[in-house]
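Structure below; questions to follow.
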Amino acid sequence: MDTRKLLNDVKDGKISVDEALLSLKKEPFEDIGFAKVDLHRRTRQGTAEVIYGAGKSAERIVSIVGSMVRGGQEPVIITRIDKAKADELAKNYEISYNEEAAFATVGRLPDPDGAGTVVVATGGTSDIPVAEEAALTAEALGNKVIRMYDVGVAGIHRLMSHMEEIMDANVIIAIAGMEGALASVIGGLADCPVIAVPTSVGYGASFNGLSALLSMLNSCASGVSVVNIDNGFGAGYLASMINHGKK
Amino acid sequence: MDTRKLLNDVKDGKISVDEALLSLKKEPFEDIGFAKVDLHRRTRQGTAEVIYGAGKSAERIVSIVGSMVRGGQEPVIITRIDKAKADELAKNYEISYNEEAAFATVGRLPDPDGAGTVVVATGGTSDIPVAEEAALTAEALGNKVIRMYDVGVAGIHRLMSHMEEIMDANVIIAIAGMEGALASVIGGLADCPVIAVPTSVGYGASFNGLSALLSMLNSCASGVSVVNIDNGFGAGYLASMINHGKK
Amino acid sequence: MDTRKLLNDVKDGKISVDEALLSLKKEPFEDIGFAKVDLHRRTRQGTAEVIYGAGKSAERIVSIVGSMVRGGQEPVIITRIDKAKADELAKNYEISYNEEAAFATVGRLPDPDGAGTVVVATGGTSDIPVAEEAALTAEALGNKVIRMYDVGVAGIHRLMSHMEEIMDANVIIAIAGMEGALASVIGGLADCPVIAVPTSVGYGASFNGLSALLSMLNSCASGVSVVNIDNGFGAGYLASMINHGKK
Amino acid sequence: MDTRKLLNDVKDGKISVDEALLSLKKEPFEDIGFAKVDLHRRTRQGTAEVIYGAGKSAERIVSIVGSMVRGGQEPVIITRIDKAKADELAKNYEISYNEEAAFATVGRLPDPDGAGTVVVATGGTSDIPVAEEAALTAEALGNKVIRMYDVGVAGIHRLMSHMEEIMDANVIIAIAGMEGALASVIGGLADCPVIAVPTSVGYGASFNGLSALLSMLNSCASGVSVVNIDNGFGAGYLASMINHGKK
Amino acid sequence: MDTRKLLNDVKDGKISVDEALLSLKKEPFEDIGFAKVDLHRRTRQGTAEVIYGAGKSAERIVSIVGSMVRGGQEPVIITRIDKAKADELAKNYEISYNEEAAFATVGRLPDPDGAGTVVVATGGTSDIPVAEEAALTAEALGNKVIRMYDVGVAGIHRLMSHMEEIMDANVIIAIAGMEGALASVIGGLADCPVIAVPTSVGYGASFNGLSALLSMLNSCASGVSVVNIDNGFGAGYLASMINHGKK
Amino acid sequence: MDTRKLLNDVKDGKISVDEALLSLKKEPFEDIGFAKVDLHRRTRQGTAEVIYGAGKSAERIVSIVGSMVRGGQEPVIITRIDKAKADELAKNYEISYNEEAAFATVGRLPDPDGAGTVVVATGGTSDIPVAEEAALTAEALGNKVIRMYDVGVAGIHRLMSHMEEIMDANVIIAIAGMEGALASVIGGLADCPVIAVPTSVGYGASFNGLSALLSMLNSCASGVSVVNIDNGFGAGYLASMINHGKK
Amino acid sequence: MDTRKLLNDVKDGKISVDEALLSLKKEPFEDIGFAKVDLHRRTRQGTAEVIYGAGKSAERIVSIVGSMVRGGQEPVIITRIDKAKADELAKNYEISYNEEAAFATVGRLPDPDGAGTVVVATGGTSDIPVAEEAALTAEALGNKVIRMYDVGVAGIHRLMSHMEEIMDANVIIAIAGMEGALASVIGGLADCPVIAVPTSVGYGASFNGLSALLSMLNSCASGVSVVNIDNGFGAGYLASMINHGKK
Amino acid sequence: MDTRKLLNDVKDGKISVDEALLSLKKEPFEDIGFAKVDLHRRTRQGTAEVIYGAGKSAERIVSIVGSMVRGGQEPVIITRIDKAKADELAKNYEISYNEEAAFATVGRLPDPDGAGTVVVATGGTSDIPVAEEAALTAEALGNKVIRMYDVGVAGIHRLMSHMEEIMDANVIIAIAGMEGALASVIGGLADCPVIAVPTSVGYGASFNGLSALLSMLNSCASGVSVVNIDNGFGAGYLASMINHGKK
């Protein structure tokens, strides 16, 4: 909103004081009772609001999706949505659903239009659900994604055989639980930003991901930053932002 | 190194087996006894190795700088270098030094050549040393930096008065101690990546930065990632990487 | 109890030594075997004892409610009481029950008689159960409550559109999980006490509410104090105390 | 600022578009280089900004005090200001200084005008510095303060002998280190809000105040809320807010 | 075993070398495959080994009880034994079982023969299972126990009405969750050892008993020591030891 | 105080109402400004108040000692009092001082009158300062103490050579840092109460005594309870209480 | 792979450039979609890859086993595989399965060929599942194992009766939960490496094995090192490595 | 000691009962007042006791060294001994001293007699003091040591250039702070035991070595075990034990 223009319009009588007041005050969201759905987010920040499905009932998810579809916010992304809720949602909208990642979308996805590729790497096979959340998020936001799973540092030759993809990537998402060393090793090899995602994979002194989290925060490689434990979505979103650059 | 080309050269007799062997084996670093100075890093990863001055004696710093200057790795960046060590270094090389940030450089810095601006914001005035480390790093790596200090969320109008810079930024570094809320608020306003830097500013239940760190990792805003507590350098480096895009 | 008057009464023979002794010793609670129900609390502290339902069997809850009703302590508030126990209680007493907040009352609630309004704000929709516990508690204690849900700082315009309610409030309860920044931002805007309630909403590095708790304790805004994680009742009770002032 | 009035003035030509624009944008703080001094805070929130002296140089403190005095923000409160800095400040302004609490004020303090008394209680004698910060803050903000020191629960008769002051108080600040039980016991006796301040007094498993902090957060008494470890200022400020009620 | 006498017997030919060797080596326990049941413990330490039922199958419990009964170690105490296992045990032996405390005994219990009374106090009603484990243990070891439940410090008059029992006790077991202040207050009133038992009762920042544990370890009252969270048995056992004095 | 007798005296006119009132209210401590010195503690709890010297100025210590000496509370025990403060105290009173334990007493100590011996054992030589605090406390309270230093479990034969003292003891204080295993091993050997004192001796993952503290709380031996890290005084005091039994 | 030989072969035309390239690049693992099965590990590191069954579906386990059997990697070890998955696996391969340890093997196990014996000791009976994982692993890798269960330090005579086995062992695995003192005591007695395995056995302040973990890391005995909580496999594997020496 | 032989000697009158008694009881250490110096340790466990210098006065160190030299326990190793204490020791004995490692020896060191080489690797140059403690310990115990410093995973080519030493090693000590990934990467490459030593090198979220410690405990590579933070001595000692095998 251009405040100067608005004020000039008021001065010139083009719009009334009340209209201007309304315009200054209008809330860029729809209040649907239990939630305020942000309908200007795509305009303001480049992507629509994303629905975090955990802890929301199927009814509330359907209701928020409805508000967003009405507001022209497709495609709608829903993360952490289990099979039962997804089935419920599917009764109301045509959805695309990945059960392992608990990830759903409503509406046609964009074609890849980022600057390069987003590589999603995991230390082990148990990290795949988080990795898929990251990969599907990045794809839903218009990125070409290369999956590089089970390349943990305890068998470093597995990672080394992928040097080409690593060197070609525009952004790399490094996902690992346990000791989380993958981020440091990739960070030392790559020449692009590395987004580290600690996972809660492990037991005992992994303390539900704390070990990998601390590891990644202390990475001795430059260009590495960290998101929350198991936050595949956050990593995919940020990767897309970096891969698309400033609009 | 193009392995196929190398092998073809061997086959064609253009280079000897021993030369090829050497080339395959040559270590891209200079071993100066107590350290292995990485001299190919600029080629391999786009920026030269950076010297972390804390816990290194002035002698060792001078010695590593020497190795890098000899290897044509200027400008050399030295972080966490106190006044006494900087004075010692200045006896050997022409340096540029900022005491508050404990940050030094040797050699001419590049002109800004990034895609846009890097905004460095802090919650309070006590966060400035970390912010300066971030800002000076980004500048030394060829970025235009806008400083936006003391804009903490407890007086949100101070932040709001900078909406223009926030919306224009290519990357934002949000630096805060105590409750670390700055990153979330900026993350909710901006449409570019936000690099959050928790600081050890605070007392009591801030637990030396733990409070801000957890806050930032749990940011409900998308596009936010986190580096280590007080790691201004890491944030500046990553910001530069994002601002320059893939080379 | 006025000790001087009691002693004078003894001296004047108005009451016997035994009566005085009894009066000095009488325990202001009813011992019902497994619990000592405080029946003087309303007199002594202005509000009757509140029953914490978690971990108490339906039988015990009914028994304590009985003791309080007999002692004229209505309305009786029962928190953390699940549907099954509430159903059991409803067989014995006419109750008002809110399932989302797991909150029940027995007896007629008072009309609002506080000095002003109590605003209950939440960062997200998942914080609503805790918010309702706070709001219902405040209402049961005679306060006018304004609910302001889903106004988290990642979309600060949602909060800003409520500036009027914030500036008008007598007390504000700020409820948030994850990074808990809501309390600081509201604390910086409001001119009344802000009671911060961290919630266990979140995952990974939220560590079941620890992140929000530390955030709120470190709030850089003045006038903010904190209660236990998920303690909606405690916040509602304290808000009522502040809103009613010294009786 | 009344936006409607402003817009009407624009419409009526009473003020120019540029003036209105300026008014809408004018930042309510003075930017003195390293800090943004909030000069509208007294108007907006009822009390002027308070200077946190720790980690600020004497020069910067003098500079901020200057900005505030110029802005008519007296009395100015400076917390955590050690003797040396206070001496420096005293060269420029007439100050009142308490060394034990590291607390200074510039300008005439107001007469007590709160609704009742603020009681400041401590568990031991080592908690006195924090208690004095709380008490002096409350006094500087216009409250009558009653000090009740060394009344820890290990000798509960010491606390009991003060029942009258406890029952008469409008707000009580309960300050304790070690096991922090004072807040619960006072909370169970009083009928007014209790602000609990954990202190870092103790050793071993007190973990620098963590023990008292957790204790106070888990208080089984209602009406108790908690501020950061050693945060006497925050408690005094909040107590004043409660004691003065909504302006 | 008197080594000198044994050696003299060998010298005098009263026992053979092999017999002496056996006697020096004989293990004072019965090896029943998966466990080594200590049958000399009553002789060595005054009480028989106690069976910790959690994590042991009913079969193994029955087997260990059998070994102890055969070894004349009655009464046998089994703690943390759930209803199902107790039922299984009851098929083989005549047992006495308390379900709330998950506590069973096999064999006739001794009459009270301690020096005085053991008082078992709890802060709330939710602490009763732990308290009963403590009380039943003390009773099974020959102590007169006085139960004093729901006397938490938030209503200190409830505790005060029991001053007589407190002053008369030989040992007091103070059991509390949440802020665990009970131990300090009792410790300040009593003139006998106080054994503090933190419980996992609470939520949020009670962190499963950590809050009460730290509180109790930091008790400012003398004569207080602490056992593990929820360790009613350990407290009852130690109380009996103190109450019986050196045999 | 016999309340019935007091009331009868009032009724019979033996004492006036005012005298009775005074008697009911008289505070059993002397208020010396910054502290309330408990002068009835010896009567009430069997031992006089003990002065914790850390964090108190020499002046304050002298002042409290003065109040206690005037109140007939000798011998006075002062713990954690460094050499400089002890020297200051010695200018005013004849003191006995142990620098390693930072422990002082004023007045003649009692002869040992406990039921048996108190054994003070340490794992290593670095635990000796804490051990001396415990031993000197016990001696000052009238106990015969046997010191058994440097008997840590890594050389279990050192402990085994002291079996006689262990079996003869009435109470054992087991003091250890690092892994704190001493308490468990002694607890398994002895038939008397074992008071475990974790010390902050160690480095790295000892986390200033946390490791030993947790170890001791989890002791698989019965009859073991724990006091705060480095709390030699608390252990000595409790040992004396147990060794003297109920007065 | 001998790089010089390869290059000579290229030069001599013995192999083509493409073949050499392939050989330099060939990944020593089979990519089966969701995992990269390491088939050269036995050659490279002396033992084949081991399958961690937790969190892998029966289908994936069968698929990986298949890849390994095809690659001649028998015997295949699968850890943390529950009964249901083991049953599924047994439909496809002849397996040996231990339910308590959740441990399976496919293929004939080797005869013991280590230098000496591996002793596996536990503190209690609840540690046996972890101990069996360790023992079965060591046996599957060709070691003679001596089990020494339930020899915790609270009854040190039980351990002492096994001095012969301790002194004869080549490696000792000391497994304990709760206070974890077993490792230190054994470490002080033995003259061979001791591998300490903390277990999650315990409750309250054992914090799921943290207590035992810290204890073992702080062992005052030399020759002790630690693996992750409950990591019986890791201990058995390392023990085998030490017992077999360098191949 | 052969008990059977001793007893036969008693029977045959070869030694008196008193001599036998003495022999059974004789303590294998010298009690020098503040410490019990173990003089049989070399016989019992293969190496003499090692003196941990931190927290011991120079006098005490000299005294213990004296006892050991008198007992024929040379060479004597003293760790964590600063320059001043070493100077003091050098006045009494001929010592070899390394200041960076704070490591001293008295007496001639043995020639290397282990089975192979011990490799000591560090992630960075700041880890060298810990590495030297490990290397010097291993050398003092008769091992050939290869130092491989500054080979951290952020520049993995530095580590790769040492594959030969890694593959040839008998034991590898992997020392790293910050994210501690070195142990996992080496563990994945080597076919010998890897002893991981976390160091306190780092800042912020390294939490004084906690990050590296957790990382190493969670290593996904087999054959890795961990010692305490900064415990170079422990690693060197254990490496020597493994390298020498069972004597």
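Labels for the chains are A, B, C, D, E, F, G and H, by order of writing; each one numbers its residues from 1.
Everything that follows uses one rule, which is that a residue touches a chain if its C-beta (ideal position, glycine included) is under 8 Å from a C-beta of that chain, and two chains touch if they have at least 3 such contacts.
The model shown is predicted, which means the values in this text are computed figures rather than measured ones.
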Those chains that touch chain E and also touch chain D are C, F
Via touching chains, chain B connects to chain G in a minimum step count of 1
Contact steps required, at the very least, to link chain A with chain H come to 1
When each of C-D, B-G or A-H is compared with D-E, the one sharing over half of the residue-numbered contact pairs turns out to be A-H
Taking each chain's centre as the mean of its CA atoms, chain E sits from chain H at a distance in Å of 41
Expressed in whole Å, how far the mean CA point of chain D lies from that of chain G is 59
Contacts with two or more other chains occur in chain G at residues 155, 204-206, 210, 213, 217-218, 222, 228-229
The chain pairs that touch are A-B, A-C, A-D, A-G, A-H, B-C, B-D, B-G, B-H, C-D, C-E, C-F, D-E, D-F, E-F, E-G, E-H, F-G, F-H, G-H
Within their complex, chain B touches chain A through residues 44-47, 50, 115-116, 170, 190-193, 195, 213, 217-218, 222-229, 233-235, 237-238, 241-242, 245-247
Chain A contacts chain H in the complex at 123-124, 152-156, 178-181, 184-185, 187-189, 202, 204-207, 210-212, 214-222
Interface with chain D, chain F side, in the complex: residues 25, 27-29, 34-36, 38, 41, 54-56, 60, 198, 200, 208-210, 213, 228-231
Touching chain C in the complex, chain F uses residues 3-4, 7-8, 10-11, 13, 17, 20-21, 24
Seen from chain E, its contact residues with chain C in the complex are 125-126, 128, 149-151, 155, 157-158, 161, 201, 203-206
